[in-house]
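First the structure, in the form of structure tokens, and then the observations on it.
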Amino acid sequence: MSAVATPDVSVDLAPRNPRELRLRNPIIAASGCFGYGEEYAGVIDIQRLGAFVSKGITPERRSGNPMPRIVESPAGMLNAIGLQNPGIHGFVKKYPALWELWTVPAIVNISAETVEDYAMMAAILDEQPGLAGIEINVSCPNIARGGYCFGWDPEMSAEVTRAVRDVTTLPLIVKLSPGAADIISVALAVEEAGADAISLINTIVGMAIDVRARKPLLANHTGGVSGPAIKPIAVRMVYQTAAAVRVPVIGMGGIMSLGDALEFFLAGASAVQIGTAIFVDPGLPIRLIDELSRWLDNEGFASLDQIVGIANEGFRLGERHVLTAWEAAGA
Amino acid sequence: MQATAARAPGRGSSREFESTVLAVEPIMGDAILLTVGAPPSLVERLLPGQFFNVACRFPGSFDPLLRRPYSVYRADREKSSLTFLVRPFGRGSAWLAKRAPGETLDMLGPLGNWYAIPPRSQRLLMLAGGVGVAPLVMLSDDAAAQGLDIVFVMGAADEHGLLPASELRGSIEYLVATDDGSRGHRGLATEIISDYVAWADQIYACGPEPMYRTLRAVADPLRIHRRPKVQISVERGMACGLGACLGCVVETRRGMIASCVRGPVFDLDEVVI
Amino acid sequence: MSAVATPDVSVDLAPRNPRELRLRNPIIAASGCFGYGEEYAGVIDIQRLGAFVSKGITPERRSGNPMPRIVESPAGMLNAIGLQNPGIHGFVKKYPALWELWTVPAIVNISAETVEDYAMMAAILDEQPGLAGIEINVSCPNIARGGYCFGWDPEMSAEVTRAVRDVTTLPLIVKLSPGAADIISVALAVEEAGADAISLINTIVGMAIDVRARKPLLANHTGGVSGPAIKPIAVRMVYQTAAAVRVPVIGMGGIMSLGDALEFFLAGASAVQIGTAIFVDPGLPIRLIDELSRWLDNEGFASLDQIVGIANEGFRLGERHVLTAWEAAGA
Amino acid sequence: MQATAARAPGRGSSREFESTVLAVEPIMGDAILLTVGAPPSLVERLLPGQFFNVACRFPGSFDPLLRRPYSVYRADREKSSLTFLVRPFGRGSAWLAKRAPGETLDMLGPLGNWYAIPPRSQRLLMLAGGVGVAPLVMLSDDAAAQGLDIVFVMGAADEHGLLPASELRGSIEYLVATDDGSRGHRGLATEIISDYVAWADQIYACGPEPMYRTLRAVADPLRIHRRPKVQISVERGMACGLGACLGCVVETRRGMIASCVRGPVFDLDEVVI
């Protein structure tokens, strides 16, 4: 409980990019769980956050899915918000100017159904003030490929990354989909295509059935599972990915406490995002900043770097280590 | 590292507080009145219709994960306490209903907008369906203290589900309806309000959505130029309670609106239900 | 609470197979969670079960992974038992003769690292008494393909199925791996290759880090997540698969109550397996048999058939319906 | 459909029962003694070293999911009750430590094997480390009732962590060691047992694994032909408690053995630790 903790918790999430994505601390509010920042401005000291990521923005305005859009699941929740958002044009009218007045780095999350639309949005964002970076959400159906999810395929994910990279110098985070059978191939492909950092995991597709009504509970039928329930899956994917790529990895999925965040750092994450936990415990991100510094101090670490990946042999050896066969199958 | 560490003082947010359970009393059949302490400044400013998102799990357990919204049933400014009416229904409310005095609860709030009493309103009609009675009790407390005329109509499945008359200020006219006729009118509460619709200059309702549809059908022919206004409180599953997740939206003429910040109170004429 | 419930809850899980796999009820104890049946013989009335599936058997005897092998996760658990088992030869010495004395149908779960080994085991099992069927666990690394999991790939899964089909007339269930990006293609491939039924889901690969020791908690590093945490993912995969194939689907993943089992039936499962719940609540499978009959009776259904897939439009329409794009991505 | 339905009578298994909490008393610093009712036939047949797998969550919550094993600290055959010693440590034990009389607990057991007192044994040495004292208290109760000679040695971090002498039968010789020297020998309990190793014809131990390794190092040079035998109780995370999951195995000379059915009591000379 020392008042002043000294360890260096700052991190640059875009070391390959001259524009840098330097955060004072590695605690980031996740997309879709923090609105556009303003929703939490009166509730927590948002300027202290390492960064925040906006709700996903799409090419056109979307009113989202019909209700119900959320339902609880064991130690988690399912959401099918359907990307309700003002669209890229509505977005740029309001938020970049607002965020320019803030000190907290603001990252825009973008979603689209075609490679061209991703690039179109990125080109518009490139000209805006107040943006620290772009996070590409590839957990979207690719219309040109019959709706097969961009993020399940290395080549499709890379194509989106390249198209965005071509039109903007902003730091670029690519957010992977846990639906990919081989997350490492996707990670390597987007790294190669120009991603400055990789974030994971997005929600996992799930569903719940209303037994009384005899139909799916969510109007959209399926939704994305988030929260503590998915934490072990997220930690495993971060562990695998962080050992495979050289760009920084941003871990998320079910973080509810310092212990959870440390699992991700030790597995190889350079920063973490907090999603569902914010709904349940809005003060958590701010507490984590303090608790992390205090923990590093108590354990004798001078900086966050010193713990990143230390539970991960492949990461330590810089060996692009892939899990052994039985491990990867979870025997 | 333990999740219990999250209970430490200084939770990092200005809208959360730990409250101590002061009393738990049975009411309306299997429901309870749960009274908790709250900061005086909060109780002072609280308005009827506002709610709190309560964590309904043992510290360290992540299931059930989400907070549950509960409207304030009564605010006692002298004792600096809040009372909630909780009907044990699913996992969260069953847990809440088992709390004992001395235990602490993790509260987020106050949240949401409130039932407005416009200046010059004098005659208020309140319509409660089941556990939806909660925010209307606080509204009636406040309105009665202001000397307004109140007709309070409540419907329930049977007499056990009715609010005891002793819970309402003496000046309030209280009418009841039960599905089985065990007390008051046999049938729906909406069947006994016609006379009061024309009388009232504001109507307030809280109950299940079918009640609002019936209310609309009953009241609309009696209202002129959409007067009296009908203020309803909608119930939506919630995650954040702060307008960030868009999981609790209500379809209105102005689009999909977060009911946790720009509700739960809506003008009946604005919402699509 | 009626004493005698009349609905027909029997089910044939191998309608395409002349040998049939007819169960008196659709409640099955899952592989790895019920030992070889005998462990629960003194605890519950095992003969009442629809069936049970044995612990996974491998070509050779295995002593399993080092400890720790299990760790709790939010609303679930991670296991890395490592298939501790006596091997196919040790297995056949003891269990077929024992099971022959029982009335409950016994299904053997098999795991291997080569197609030939799967076939070798199936050929041995084909000659044994006391076996009602074989469940093929394809969540194993394929040594010939550098350890890539059989179950992630439609062709590899089909190859195993064909090889086993060729050497046995026993009813054949293929148990899918949730790690496949496209579970429907795998399901269609194994159906085509001769599976009599499909079961899903196996555990999802996950991991937990011991923050104090700064290393993975499981000695094996990763393990399989099971229990309520994975239920929404399992229900979604059963919903997708049941609409795509014509063979019966056996659903599992986090079933803890009648309500959970009903979610799977309504999503399209013809039977369910109970895994982790048995550890926590050993009486559950037996209770479910009674509760299911009572529920069907109360709701006015004459047989289990009548509810299978009724929450699932694609299933009802017999339309091999695949989720629409945004649904499948979990937007 | 509610998980609470699972609480209905007739749980479908012969090894589960609902027990009512009869008493909760503090002991050994922050630990508690939790006394619950149990069927007389069960209490009658129970043997020292056996344990119960207790569901440590609010009905309807699935987190924490797995049952926790607790050894029986004391069995009262007259009152038909069982007492457990619980040290609040993580999520399960913290939940258990907050139970109040009148609440019910979901128990699975008795499970596992037991500490055997071979015929003709007369001199027993018991070695307890911290909360591991629990099963040895029941063992010492039984052995003292049989008129055997018992030396009971306990180690703890400090005097607050020690079992009060009043918890042991009068005939028992009780020696203690604390890491900080606040009571008894300053240091490890294994440092004060040498004299008794040669004296005893059976040694019983329960504590953390490092204690067993030290015990082996201390006792082996003093034992002749592996006599006296050393019976230890091992602690492994468990899922099923019935030998089905193979999650709780102990490496022995005979292979990987489920500690929930062929343990938790093992011959020290058999296990690889």
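Read from first to last, the chains carry the letters A, B, C and D; within each, the first residue is number 1.
By our rule, a contact is a pair of C-beta atoms (placed from the backbone, for glycine too) under 8 Å apart; a residue touches a chain by one contact, two chains touch by 3 or more.
On a predicted model such as this, the values are computed, not experimentally measured, just so you know.
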Which chains lie in contact with each of chain A and chain D? B, C
Between chain B and chain C, the Cα-mean centres are separated in Å by 46
Taking each chain's centre as the mean position of its Cα atoms, how many Å separate chain A from chain B? 36
Suppose each chain is reduced to the average of its Cα coordinates; what separation in Å results between chain B and chain D? 50
Taking each chain's centre as the mean of its CA atoms, chain A sits from chain C at a distance in Å of 33
Specify, in ascending order, the residues of chain B that touch 2 or more different other chains. 1-3, 62-64
Specify, in ascending order, the residues of chain A that touch 2 or more different other chains. 74-76, 81, 211, 227-228, 259, 262
Taking chains as nodes and touches as edges, what kind of graph is this: line, ring, star, complete or other? complete
Okay, in this complex, where on chain C does chain B touch? 74-75, 211-212, 228
Looking at the complex, which residues from chain B come into contact with chain D? 2-4, 57-58, 60-64, 90-91, 94-95, 98, 100
State the interface residues of chain D toward chain C in the complex, per the touch definition above. 1-3, 5-6, 10-16, 55, 62-67, 108, 236-251, 255-256, 261
Contacts from chain A onto chain B in the complex sit at residues 32-35, 39-40, 42-44, 55, 63-64, 67-72, 74-77, 79, 81, 84, 227-228, 256-259, 262, 276, 278-287, 291
Which residues of chain A touch chain C once you look at their complex with the stated criterion? 65, 73-76, 78, 80-83, 111, 113, 139-141, 143, 146-147, 149, 151-152, 177, 179-182, 202-211, 214-216, 220-225, 227-233, 235-236, 239, 254, 259, 262-263, 266-267, 307, 310-311, 323-331
